[in-house]
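Common to both upcoming complexes is chain A, partnered first by chain B, then by chain C.
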Partner chain A sequence: MTPLAQSLAFGILVGGLYGLAAVGLSLVFGVTKFLNVAHGELLMLGGYAGFWFFTLWGVDPFLSLPIVVACLVLMGLVLYKLLFSRMVKLSEENKIKNTLLVGFGLSLIFQNLALRLWTADDRGITTSYSGQAFTVLGVRFPMVRVASLGIALVCLLALHLFLHRTYTGKAIRATVQDWEAATLMGIDIHKVYLLSFVLGAALAGVAGALVSVGYSIQPTMGLEWTLIALVVMVLGGLGSIPGTLVGGLILGVTQSLTSYWIGGTYREIVALLLFLVVLVVRPQGLFGSKEG
Partner chain B sequence: MMLVVEGVDACYKDLQALWGVSLQIGEGELVALVGPNGAGKTSTLKVISGLLKPIAGNVLLDGRSLVKEPAHRIVELGISQVPEGGRVFTGLTVLENLELGAFGAKARKAKDESLRWVYGIFPRLEERKKQRAGTLSGGERQMLAIGRALMSKPRLLLLDEPSFGLAPLLVEQIFQMITEINRQGVTVLLVEQNVRAALELTNRAYVIENGRIVGEGSGEALLSFESVRSAYLGCAPSPGLAG
Partner chain C sequence: MSGKRLVVIALVIAGLALLTVLPVLVQSDSIINLAILALLYIALASSWNVLGGYTGQTNLGHAAFFGLGSLTTRLLWLSVGWPLPLSLLAGGVVAVVFALLVGAPAFKLRGVYFAIGTLALAQVLNMTVGNMFPMITSLPAEYLATYQLAPRYYLFLGLALLTVGTAYVLVHSRLGLGMMAVREEEEAAESLGVSAFRHKLLALSVSAFFAGLTGGAFAFYHVGYYPQFPFGPVWTFDSMMMAYIGGTGTIIGPIIGAVFFVVAKELLALNLLELHLTVFGTLFILVVLFLPGGLVEAWGRIRRVLARRARAREVRLASPEQASGHQTVVGL
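After this line comes the complex of A and B, so read on.
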């Protein structure tokens, strides 16, 4: 019983990060219809930023989170101004095609940059408290992973409140539904696009930094995380933050149970199977509605 | 004249939709723009609200050219468009839709006052303010779309086929509300396929065909205008609102 419960617990702990990784991609895609396949690379950069702050200057990874966010905000701004802003006026289909191309290009550049800067070794942040854990009914809960889940939940809640309680947040939701009608409200959708893209990058950064604390990071991790984010986005349904969180948890638990019952090598296959099944059976996602 | 459209040519990609369209609207007027499907009615509204930029000609509000202004700025300058079909934000609540109507800085300051005004005109919206707009009936959605446009406190309201798809009784109600809004000082440009109803409602109207203005006059005059009669009303006009 305990090994099963342990896998479940680990699945939930990582699932929160999956949700956080996906919510940024989902926000950007929902608002701009940009499918940024370099989202996983932004996450990777966030991870290495946290890693650098820790190893070079000894900054605690949880304390350096705001600085990591600032770095990714800057990165998001530069990428948007330099590349993605050029695609705003394209038709929806061309937006997806063009951003896919640009995204793959970016991911190659970032991967090779990371290889140069940090080598291909697995990296992680090991703090003085990294080994600490508490045990409930024989199930071990590593402190850093629990804290990471907590931070992921706080970020998701904050984003949810921002989108529902503030004028800017409502403008973002309106733009997701109908950008032309939003323009007629006096909303400058270029600003909304920029803000969403930068927010998406910042969220990826936080997720990456948390991955580097509780798990490990590699220059090639981006593609895997983009895939995870895509699967979770489809599972949860566009535009629903609670849905994205639950989607992340489902994927996390499914993967760790697959490792437990079938073997670790099948984790990705099961994730992709889940992706296909949801696309066929319920294309709007488990929690998405057709009305958006 | 408050709004002047001068010799506007406009096109979508390589298809020209408007050819030298000119019209004028004075402060406080209720003007209709009528014509068959695909004549350029919606394109004309889009040129005024800035969603479609003309390739030639000019649009002036109080003598100030709007063609270089982005659409979201034009709202702040006092022109608000209700798009065809209303296009309310179905996933947002009625109140959120109305709040977004007052997005501009100036309108936002006057939000509460505007909200009272809109609820006064459309009491139904106040009853449903917490509901998601997607749960509203067709008539309620149209009211919400108009109310949302009023939240920016526009001087000029552009209405694109507000009667489209509504039952005759509702159409009459919506038209009464439009008259009321106009009486309260909002200038209105009404685009309609429901030609008879529109011409009966307005002081003045323009007739558009194939992207060109082909007639102008008082509503009554156009009602008796031979080509309008034969084209839109049928030779023997039937009673009621049917166009």
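After this line comes the complex of A and C, so read on.
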């Protein structure tokens, strides 16, 4: 019983990060219809930012999170101003297609540069408290992963409150519902797009930094995490933050149960098969509405 | 016009003749290997172009067909002992069967979902093959002893010609027009009685068949590799980038893109510390953003500007006093 409970626990712990990784992609896609497939690379950059702050200057990875966010905000700004702002006016179908292609170009560039700058080695942050864990009913909970899950939940809650309680958040949701009507109501949708894109990059940065603490990072991790984020986005349905969290948890638990019952090498395969089934049977996601 | 056409035909024939005698002229193995790589990419990018460029379905899982072709051919040729031509053909057929099996449900997915669905599917296959065939596959000693590059080169040459030729015939046929109609406006095509589903399925099958054959040729060419290697997403992204940089939806585009890619990669890898992927990524983004027609469109633009200048000069020479007036007319 305990090994099963243990893998369930690990599944939930990683599932929270999956949710955090996906919510940025989902926010950007929902608001701007940009499908930024370089999202996984932004995550990778966040991971390396946290890693270098810790390795070079000994900054605690949880304390450096705000600096990582600042770096990714800057990166998001540059990418938006330089590239993505040029695709705002395209029709929806072309917008998705072109941003997807530009995203592939970006992921190639980031991956190649990261490989040259930081080598292909697996990296991870090992702090003085990395080995600590507490045990509940024989199930082990590593402290850093629990803390990461906590931060992921706080981020998701904060985003939810921001979108629902603030004026700016309401403007973002109005743009999702009908951007033309939003424009007529005096909402500057270019600002909304920029804000969403930058927020998405920042969320990817946080997720990446947390991955580098509890797990490991490498320059080629981007595609895997982009796929994870896509899977969770489709599982959870667009535009629902609780749905995205549940999608992340489902994916995390499915993967760890697959490892437990079938074998570790099949965890990604089962995740992708789950994704394909959902795509064909219920393209609007498990929790999404028909309109998306 | 017919004079121009003759020049094009003469150029094509000269090019083909040069390609045919290349192994005799050039003794360097590294150049032949480079030519083989270029021909492989021409076939792969052209086959991607049939579905991605002419039919407008962004397929991010092209590596699956390439991989299936290589896996089938290698297994039948080396393990089962089938003759090579039959093994190659089987590789193409298996890729088509797989394409048809997944094509029907995949085309229910429109646009972006088709793209990420095919990407996910190719990754599933990639990892499954990695799990099932973890050992490297090498040519047996008796094949290695008689290994020659020339037959491999001619196989790839024939394959590239066949792929480009088939694509040419297909897109100049009624079916090809239907494919392009589906790309431009699916609803409008349907309302004119063009079945989008059937045309997509046809384009997918042709695309998969030639990618499978190319994979089979790869299995014949490569001495030793992990069976998972041809399933890697890099094969999809490379061919897609080549088609875009050259010009999607044109016959010559993927050829230009492939040759450009291989030559530039060779030059950049020597001088730029393996940063060629950064250069290609940047180039690819620039093409998507500013030059949707790729290098083919760039050439067209340059030619038009040159022609306009030449005409303006003629006008100026003929009647200097009216030059400015004429120029604006010509400019329009």
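Note that the second predicted complex is superposed on the first by the 290 of 292 C-alpha atoms of A that agree within 3 Å, B and C clash if a C-alpha of one lies under 4 Å from a C-alpha of the other, contacts with A are read in each partner's own complex, and residues count from 1 in each chain.
The definition used in the following text is that contacts are C-beta pairs under 8 Å (C-beta built on N, C-alpha and C of every residue); 3 or more make two chains touch, one makes a residue touch a chain.
The shown structure was predicted, so the numbers you read here are calculated from the model rather than taken from an experiment.
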Broader residue contact with chain A after superposition on the shared chain, chain B or chain C: C
A:V146 touches, of chain B and chain C: first, second, both or neither? neither
Touched partner set for A:R86, first chain B, second chain C, both or neither: second
Which superposed partner A:V59 touches (first chain B, second chain C, both, neither): neither
Which of chain B and chain C A:Y167 touches, first, second, both or neither: first
Touched partner set for A:E268, first chain B, second chain C, both or neither: second
Contacts of A:L8 with chain B and chain C, given as first, second, both or neither: neither
First, second, both or neither for A:Q177, with chain B first and chain C second: first
Residues of chain A at both interfaces, chain B in one complex, chain C in the other: none
In the complex, chain A residues that touch chain B: 167, 170-171, 173-174, 177-178, 180-189, 239, 289, 291-292
Residues of chain B that touch chain A when the two form their complex: 49, 51, 70-73, 75-76, 80-81, 83, 87-92, 96, 99-101, 103-104, 107-108, 132, 134, 148-149, 152
Of chain A, residues touching chain C in the complex: 35, 83, 86-87, 93, 96-98, 100-102, 104-109, 111-113, 116, 223, 227, 230-231, 234, 265-266, 268-269, 272-273, 275-276, 279-280, 283
Chain A-touching residues of chain C, taken from the complex the two chains share: 58, 105, 108-109, 111-113, 115-117, 119-121, 123-124, 127-128, 130-131, 233, 237, 240-241, 244, 273-275, 277-278, 280-282, 284-285, 288-289
